[in-house]
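Notes for the one structure printed next.
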Amino acid sequence: MELIFSTWNEVEAYLDRSKGIVIPLGSIEQHGPNGLIGTDALCAEAIARRMASEGEILVGPTISFGVAPFNLAFPGTISVRSTTLMALVTDYVRSLAKHGFEHFYFLNGHGGNLGPLRAACQDLQAERSYGEDGGQRSIRFFFRSWWEFPTVDTLRREFYDDGEGMHATPSEIAVTQALFPEHVKAAPPTNVARLSTSYLREHAGDNHADAHQHRQHFPDGRVGSESGLATPQQGLMLLDAAISDGICDYKSFLESF
Amino acid sequence: MELIFSTWNEVEAYLDRSKGIVIPLGSIEQHGPNGLIGTDALCAEAIARRMASEGEILVGPTISFGVAPFNLAFPGTISVRSTTLMALVTDYVRSLAKHGFEHFYFLNGHGGNLGPLRAACQDLQAERSYGEDGGQRSIRFFFRSWWEFPTVDTLRREFYDDGEGMHATPSEIAVTQALFPEHVKAAPPTNVARLSTSYLREHAGDNHADAHQHRQHFPDGRVGSESGLATPQQGLMLLDAAISDGICDYKSFLESF
Amino acid sequence: MELIFSTWNEVEAYLDRSKGIVIPLGSIEQHGPNGLIGTDALCAEAIARRMASEGEILVGPTISFGVAPFNLAFPGTISVRSTTLMALVTDYVRSLAKHGFEHFYFLNGHGGNLGPLRAACQDLQAERSYGEDGGQRSIRFFFRSWWEFPTVDTLRREFYDDGEGMHATPSEIAVTQALFPEHVKAAPPTNVARLSTSYLREHAGDNHADAHQHRQHFPDGRVGSESGLATPQQGLMLLDAAISDGICDYKSFLESF
Amino acid sequence: MELIFSTWNEVEAYLDRSKGIVIPLGSIEQHGPNGLIGTDALCAEAIARRMASEGEILVGPTISFGVAPFNLAFPGTISVRSTTLMALVTDYVRSLAKHGFEHFYFLNGHGGNLGPLRAACQDLQAERSYGEDGGQRSIRFFFRSWWEFPTVDTLRREFYDDGEGMHATPSEIAVTQALFPEHVKAAPPTNVARLSTSYLREHAGDNHADAHQHRQHFPDGRVGSESGLATPQQGLMLLDAAISDGICDYKSFLESF
Amino acid sequence: MELIFSTWNEVEAYLDRSKGIVIPLGSIEQHGPNGLIGTDALCAEAIARRMASEGEILVGPTISFGVAPFNLAFPGTISVRSTTLMALVTDYVRSLAKHGFEHFYFLNGHGGNLGPLRAACQDLQAERSYGEDGGQRSIRFFFRSWWEFPTVDTLRREFYDDGEGMHATPSEIAVTQALFPEHVKAAPPTNVARLSTSYLREHAGDNHADAHQHRQHFPDGRVGSESGLATPQQGLMLLDAAISDGICDYKSFLESF
Amino acid sequence: MELIFSTWNEVEAYLDRSKGIVIPLGSIEQHGPNGLIGTDALCAEAIARRMASEGEILVGPTISFGVAPFNLAFPGTISVRSTTLMALVTDYVRSLAKHGFEHFYFLNGHGGNLGPLRAACQDLQAERSYGEDGGQRSIRFFFRSWWEFPTVDTLRREFYDDGEGMHATPSEIAVTQALFPEHVKAAPPTNVARLSTSYLREHAGDNHADAHQHRQHFPDGRVGSESGLATPQQGLMLLDAAISDGICDYKSFLESF
């Protein structure tokens, strides 16, 4: 069930059955010479929508815009400030909490979103912490990036090994190739330098330099990723894995409290 | 050409040909008993995408979230604060202006967005007004709600007369029926009270009461609109009209300065 | 009755008779070679005050500062950010709503204010929409720029035809001449280029370029307006028209809900 | 010379002679049973305007709205948040600094404004401190509440002794009586309790309780002030003193750097 | 009793005995050639902690960061925006007020903090003023810079006369010498120009120029202060005076309401 | 070398040798029946200071205040909003970057800080990404919570096994016992329920409920932690491990780019 394709009466009826929702988050940023600028939003949205249709789950509208200032020297990247993403998440959750939603499962497609997302959710809990003790329903959050799903993680290591890299990864590109065959671009040469351990350690969570430095370091936009290894067939397998892992993960979240 | 389906190299090449972009804006809010919650975003996005494919125009990712607090008493509505929408528009424009974009055509699908959108654009011009005189490229904005297109306006009056109303209009519902036949819902009874002149006058631009009052006034969510009159065939005609009017309007904007 | 010349006891007594108030908004910006920098604030304030004295209406203090970044390259212009105007409108309304005011009629004197004003009012309704259903009194807003009053509009077309233009219009200058004969300045040459249809269409609502561009386009500050046509006599007629139209319009707002 | 009654060309010419400006600040708040709600704004504005006309000084438009939350339980009070006043002061100064103004003399009419005013000016200096060393012109601020002027201070002690009190003081009421004889209200009984030393010590600078407490403590709005002692004649004397002290003080500020 | 060295159960028990707390504020900024960058935070914290241990008073954690943009051209200075300090004070007070604290005594160590501190406290009172009348406990604030304590003030005039100056004063440096003998630095030459009356008058409350100007005016960071006169022995005397004056002052605040 | 105990000349000299700094972050929140409210700030500060003294490293002033709204139902907790912590981190970094610092190593003592900290650092990079390409020095961030240091992690598992838990851990309490023997509190009974896998999974990174729920779930404030196992001797060993791991980790960060 998708919120955008429902009527308000249908959502009202859904709330009698469940108080949970899956919210996809993406980013609009360069993904190297053959990756789509919308990759992060497209992947998270597609996985969430298929979780919804196969798992009797409600999926909300995608938050397409993410925090990716380091990619602003590549044309087409649209990066929002952390405070902007936080404002958007805040209003999204406040609106749904007013209707009675309680369990918010964020299905994330971009590493740089996690800090601001967690920050916003702390402030949402703070608001509710100052209110009166009692009456008010409690709300809960869960954060999951789709590449962390165990089957997905196994597959992407198997398919690409250390060619997976950090950005414009073959796994995310493969997923978009499976989803949008009409938008598959020619593969770039496979000559990407592997990242050093110290680079990986320091830059985890998209902790990158400013845009000018970042483009100097990674002139075609790939960050240690052999994007050219991606195939639509792998994309389908990754997508299927993400959907079944995702349904499990969401259900386990619902049952956990 | 759609930004989300492009690579950064393709956007770089596009910027040699044009500095313009079409940006769809919507809202996630109840649209009465048979309207989809995503109606405003879906309509604006669909029109913009088809303008893009038929008119050699670049369309950016949709800003799906709009300002609709008056609908917050209907489950499923997600309303953002004006300041949130303004932050999002600001970051969107700043990012693209950094890449060299100059002409921003906002294709709007929700009346309540126009105030905040104009407010954000004034502040963007203010930022640039404090900078040094010279060097910097000027940027321009244009705001258009799709139902203002002349052919669309003629058609909707012709199809629905005063049953068009203010919200959950048969015209927008017809467009979503044409776009998503699998999501056509049963039509509600056609007994909607027509709006008084003083109501229309005072509430233009979604100048509505708070959510509780608004739901009391319009218990099923329609605001003077005979949503049940919508048909997919009319939707197709409205869509075609919007696309050709839209292409003209955008080109005229590009040439106007 | 003017709020600034009343005591709190008088306001308390007024609230037993009415919950409405008229709030003038202006701008502090250049108005061409013979227009006063305070024109927008002075006109809105004068009309509102005379509505008050002739119509048993309460008028609040003027919000003199408006959003006019495009005029920042002309010395003397003071432009506030949209977010600043919104904060001011928010606090103004919150204060009065706490006292029991319910009907807010904004009498506007500057086009660039309308977007931020509407944005602020949506956020005020949003605040109230998250509160508990019930008890709380509803508040309503109405927005009117004085040149929209029907008699005023007829007169200004009659007096100045297409010399009325967009900024530093002879009508607003005539009103200030009627109000402040001691500040009438020498008329500039009447040689202003008429605005093209595409200019008018694109720049409606003060959707102008940044300050540097704007001054380059309109070197003496007039935007298609033959300011030199203004006379104090016309100003008096416009003022009288505005006052009687305004009283009607406000009363119709009070009765409309 | 008053900014609102000038043209931009006149301001441009003024900037060749001086880079200084006087900015009046007020408040819109209850002033007891016979004080006008606009008292603080009216006094500061009148003194500044007469300084302007008698001293070849430029006066900017009045910031009428002040920070007075403690008076929100008295109908008619409009209090802005500190952050709102700071935003307004920031935009006011930024606009004028862009035109070349350097010396900002704030003529204050309300104690509660001083904290936010100083806070805003620190942040304005901070902005400029991060910029490049060199080129940029330095700006300076000065803060003066009109009752601190030495002759004014002597007169008000002489006229009212400890009946001057803290709020709705006879001195400010006398000034409004001199300015607006048509708005003189009947004097209340002179039975106001004098404030204890510990009260004066703790509440200096309008450091008051919340609105509910404040009204409980001071049910008719006077804070230790015998407002009924005010006469228009005293008002004239206070006004004259303020104007000549003010001109001196401003000139000494201009010369001091 | 120090909050940071207490358990929550101990704070709960304290609240049965008292609702008051002392909150030290400092600044991290250059203090001339022999002053420590942490001087303001170190002095306020030390005085507050000794007030706590000798006076059965609870002291909260120090707000070390202050508003000192004028010192940003001296390496090591960390200045926060006024709005940042205000946010911090707001959250600090809101947290403690939730636990039942009512009496907030700010022991300040840096002049530039007072404006923002007062501004934040007004907004805290504003929040509470919009709430419902009744139930809610009232909160009170008191602001004291330690050098205002009468015995301290007498001593510093006696020790240093007009060599005390405005910044990097011998009195504050003497206090840090008494506290941290291992960090006493060599005294600079005693040749500091005394400040003119007009300078003192205009710059009271750290109303300084931007950082570039400020460093040009005061190249070694001392503002009229003969820092070299400081001795640890004087520091001990100043510290003792501050502690006994402080305990009195705080108790008088608690009893005053 | 500690910034607060240095003069500006000493910092200037340091910048010739290094552009790096260690910044401790803590939190002021309940730590169960025998943990100190300042635990997180005290641990991070002590480790950073000893890294400084043993490793020729500069340590900045501690950011004591963290994001811990879930603990607001326990008296003494002071939680700041994410946006407040972000503002503080922003100003801290901007100030130091102005002086020439480039390498910012955050030594964190509280899980809930990491989201906001990362969010702030993205926005700092965004600011710099919009500037001109070239000239500007790049800045880098690194985030490390002290309990992640490998030797520390081994020791705490060895000492406490699954009694380490999530909050008010015996390891952090042991460190404060080693640092402040005068503040060791009586150990509570060792009967804390171990946390389920689903709890640990969902609540990683302090993703807790609102304050009311949180206290209901964990009535004495310990979250699965056998705080009573802590001893000062273990604290010393943990501290020593943290310091040597920390010096390595920081040096590796400096060399990594």
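Order as written gives the chain letters A, B, C, D, E and F; numbering starts at 1 within each chain.
Everything that follows uses one rule, which is that contacts are C-beta pairs under 8 Å (C-beta built on N, C-alpha and C of every residue); 3 or more make two chains touch, one makes a residue touch a chain.
Small disclaimer: the values here were computed from a predicted structure and weren't measured.
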*Supply the minimal count of touching-chain steps required to go from chain A to chain F.*
1
*Label of the chain whose CA centroid is most distant from the centroid of chain D*: A
*Pick from E-F, B-C or C-D: which pair repeats the contacts of A-F, with over half of them the same residue pairs?*
B-C
*Please decide if copies chain C and chain D contact each other with the same set of residue positions, more than half shared, or with different positions, and reply same or different.*
same
*Separation of mean Cα positions, chain E and chain D [Å, integer]*: 28
*Rounded to the nearest whole Å, what is the centre-to-centre distance of chain C and chain E, using the mean of the C-alpha atoms as each centre?*
46
_For chain A versus chain B, what separation do you get between their C-alpha means, in angstrom?_
25
_Multi-partner residues of chain A (at least 2 other chains)_ = 72, 79, 81, 83, 98, 129-130
*Which residues of chain D touch chain C in their complex?*
2-12, 15, 28, 30-38, 41-42, 60-62, 64-65, 72, 74-81, 83-84, 87-88, 90-92, 95-96, 98-100, 180, 183, 185, 221
*Within the complex, which stretch of chain A touches chain F?*
67, 69-70, 72-73, 79, 81-83, 86, 112, 114-123, 125-126, 128-130, 133-134, 136, 138-143, 198-199, 201-202, 205-213, 252-253, 255-257
